[in-house]
């Protein structure tokens, strides 16, 4: 019987030490903070974890560190997408050996004009056939420049080892099609915080949000408002979350997320080059936005 | 005191006779059908009315024909956007003289790189200063290739003679920004049927939908579900409406709408060239989609 | 026998007086300046002439004023594109009655998703069937958001009353396809000054350039360099022209062109709103660029 | 003193055996064919070599195999771009140890909104500081979705260890800017066969073309025509090359190139999944196009 992967997740940032290597202690501490929150589960090696900038050994090590801290009661997902089908399969097998609960497989994307629905269906079918753990599709057009269309998702949802999709876009027509056309039981997770309320309202089964790594309680609360039919409250909360959601999304992306983690006393730090830390004015904006959401310690907020 | 322009509207198609002139009788009959429906109001000379393909005298005549049929209790809006500010103002004045309740002013768009927020704010301010009737902004990026950003809408919402916006896109993040940032009382209408449910859920005050010209009762019902907190029913109805919404939107557009009107026994007919009627297979698809929504006469559906 | 429409043209700006009406005297004076230059011909009512912002009566008047000044030995082309096929045909007939030598017909573009090759072929065929004077296709994707593909151009080049195309893009692969696939004798004119050298090198038969309205002699010289095989000189001249070409193209467009005309002592002036005049720093940049090309009077340059 | 990297190169396809491993014998045989041609040099591990789909050890092995066959008189370039700056530097060092003459470093591209000119300048400066061999920038927007702008290229051309750029786009305005603004001696190579003639005409110093892996003699001939001022012949040859250039470029990309190599009796074969071999009709088209260029053996063409 398949595990239920619905709910609210946060992708982990990958903190680095002064030498540019993974800060394992910081990574573990961040996980501990999330385990103490109402989040449903954790994603390691997502786009927010700078996965495309990590070597395979680093990726494996990150999974091991995180798995040791995440109790079996909460799903741990690991990003394992690569450009070639065979490298993707190898990454899935390594992650499975490290006991993740499912793999989240980003679309290959380099040869954009060849990334058709047919190509994606073959790729994911081969990956899902070979993966020892369930596969979650991962569509992130803003970074890949390719799009996994509802036709592909509908077909792939029939595969017994493909259990869901995370889509990081704000296209709610698209997301609604996934929900309406996929096999019953197929999980649709939204990956864009600005659309958390709308995605939940149209029936998404959860979310994977960097924002939930900063304000997990508020993200969970928003979803509960929707489920309880408290539409006005949900909408109002979405509006409160919007400035921070944009800061760590389209505006400053991963470097913004890391700066915000630093402000919260968690392990953020410098992203791996060519990514650069945000500039000081961005930090002040983030401080103000976190403070307005009531999650900064007084001392920190007062600085 | 400003009139309340919230609610569900349909834009009128503009039927033509065999000579290619406006079929005034057919236009009037279509209006009568809508007045017998629960629709809040009517839009004449929108994109679905082929406004960019009509001469000024034709446009004036269409307004006059429609105004004669629409009771004062229901708002009648007329599209009056032109490329130049002065031509737009002239069109607004003519429409006001013909006693429309408000004008819906599409963004100018030809010189795309010059269509900045500053340009739009000046343009709409001059138009609103001069228009004898209230102005509703109209953003339809899929046809214009330009975008009226939330910054512009926030500023323009302060003008006493600008009462709302119709946005025909599916970008719900954008629409949410309009709602959150505009002056209280400013009306936000969605113009994309695939987003009717989500737009209403996030707080839109209404919609202008070609789809509402085919199934007005169902569009109104969907909105009432949302308002009453019947989210599951609303979502379900949205899914039922989706195939037809797409057929008369991104797939076949105005020619698809006109063919669907013909199937319903209303006045649709041939669009004005260079637009072309849809091909026979499209008509069969539309017939099936209308039938599945229960709005085709048995005799017609059985053909 | 068809007239030869190859060569270098400039599109006329449309100067307005303080009341916002066409400054006919200024328009005529600009024409006189060009007739004294080596330019092959003149285009009235192009995109640089703010044609989409003019009323039909103004357009007719502009043609009449210009025709009176352009000798029969130089081709006068008039822009007559409209959104509907019938309005386009009417505009062609009016222009023909005013004795233009050919009409330059911009693609219709509002219903973007319906603007297929099939639609364009039907539209232009009907227009060319009805036009009393030869038709030149006009593709300006940066303003219309639609693209006239080589397939359409190849088919349309077979029509006896379609004699050429002006394409305002920088896509030289595209332009090369037009040249290679169109019927012999079909004229391909480039409309983007940054590509004047390359277009001429690949075999374009001429150009329609706002830049040629500022430095006609240099544009003609560049083309003659290419024809004489003086590639290094042509390339060098292209580089010298680039800054000004960009200023009156992608950077400031029509308002930039008008400011540059003012600096040359010609009739430029304020564009029609919503277009706005360029800001003072832009004028200084234009002055410097004109000066570097040696076309400013000493007194003016020294200001 | 810096070596001269101008001239015509071909990127090597990477042939695989039935087990999906690199076919080293086939790779070496292909190199031998090119060494017998008038090509200036060879690129290993470009986009056409499926570099993004190879593991680091495979990449190293491919370089070693190729280096053993390429005489020191012809430059051997190796693709070494990675997403992180440090992985890129490591790849450059490994390639240098394997004695390539220069590295061709594709832009990082995953975090598209962060890939600014500033980011690129820092990234390439760090890479060039650390690379033991000269660096050639590599911009391939159609696959990366990011663009290395002339501002970045101008700045980077000042670095003593950055000797040129390969740009795979058809934007000749862009390419002309590189040439005009980069430091003297900086080499600009075009990577798009449809623009070979125009790029050479505007002053590009060479090309890296998959097409040159099929018809090296014709590519070299075209460039010589331009250099000798035989513009008409060059243009004519460009047109003859166009159908094949498009087949192995925008139409079928790498799988098309591999099928064409097979038709020539060279080592092409199946691309690595998720890429798929082209379908049989594509093979027939390629056969016809190769035959029209006179490079198929009679027996093969007659099949």
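To keep things simple, chains are lettered A, B, C and D as they appear, and every chain counts its residues starting from 1.
The rule is simple: contacts are C-beta pairs under 8 Å (C-beta built on N, C-alpha and C of every residue); 3 or more make two chains touch, one makes a residue touch a chain.
Note that this is a predicted model, so its numbers are computed, not measured.
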item	value
Given chain A and chain D, the chains that contact each of them	none
Most distant chain from chain D by Cα centroid	B
Mean-CA-position distance for chain D and chain B (Å)	51
Distance between the centres, which are taken as Cα means, of chain B and chain A, whole angstrom	38
Per-residue multi-chain contacts in chain A, two or more chains	none
Arrangement of touching chains [line / ring / star / complete / other]	ring
Of chain D, residues touching chain C in the complex	170-173, 176-177, 180, 194-195, 197-198, 201-203, 226, 229, 231, 235, 238-239, 242
Residue ranges of chain D touching chain A (in the complex, touch as defined)	20, 47, 52-55, 83-87, 108, 110-115, 118-120, 122-123, 126, 142-143, 145, 250, 253-255, 272-276
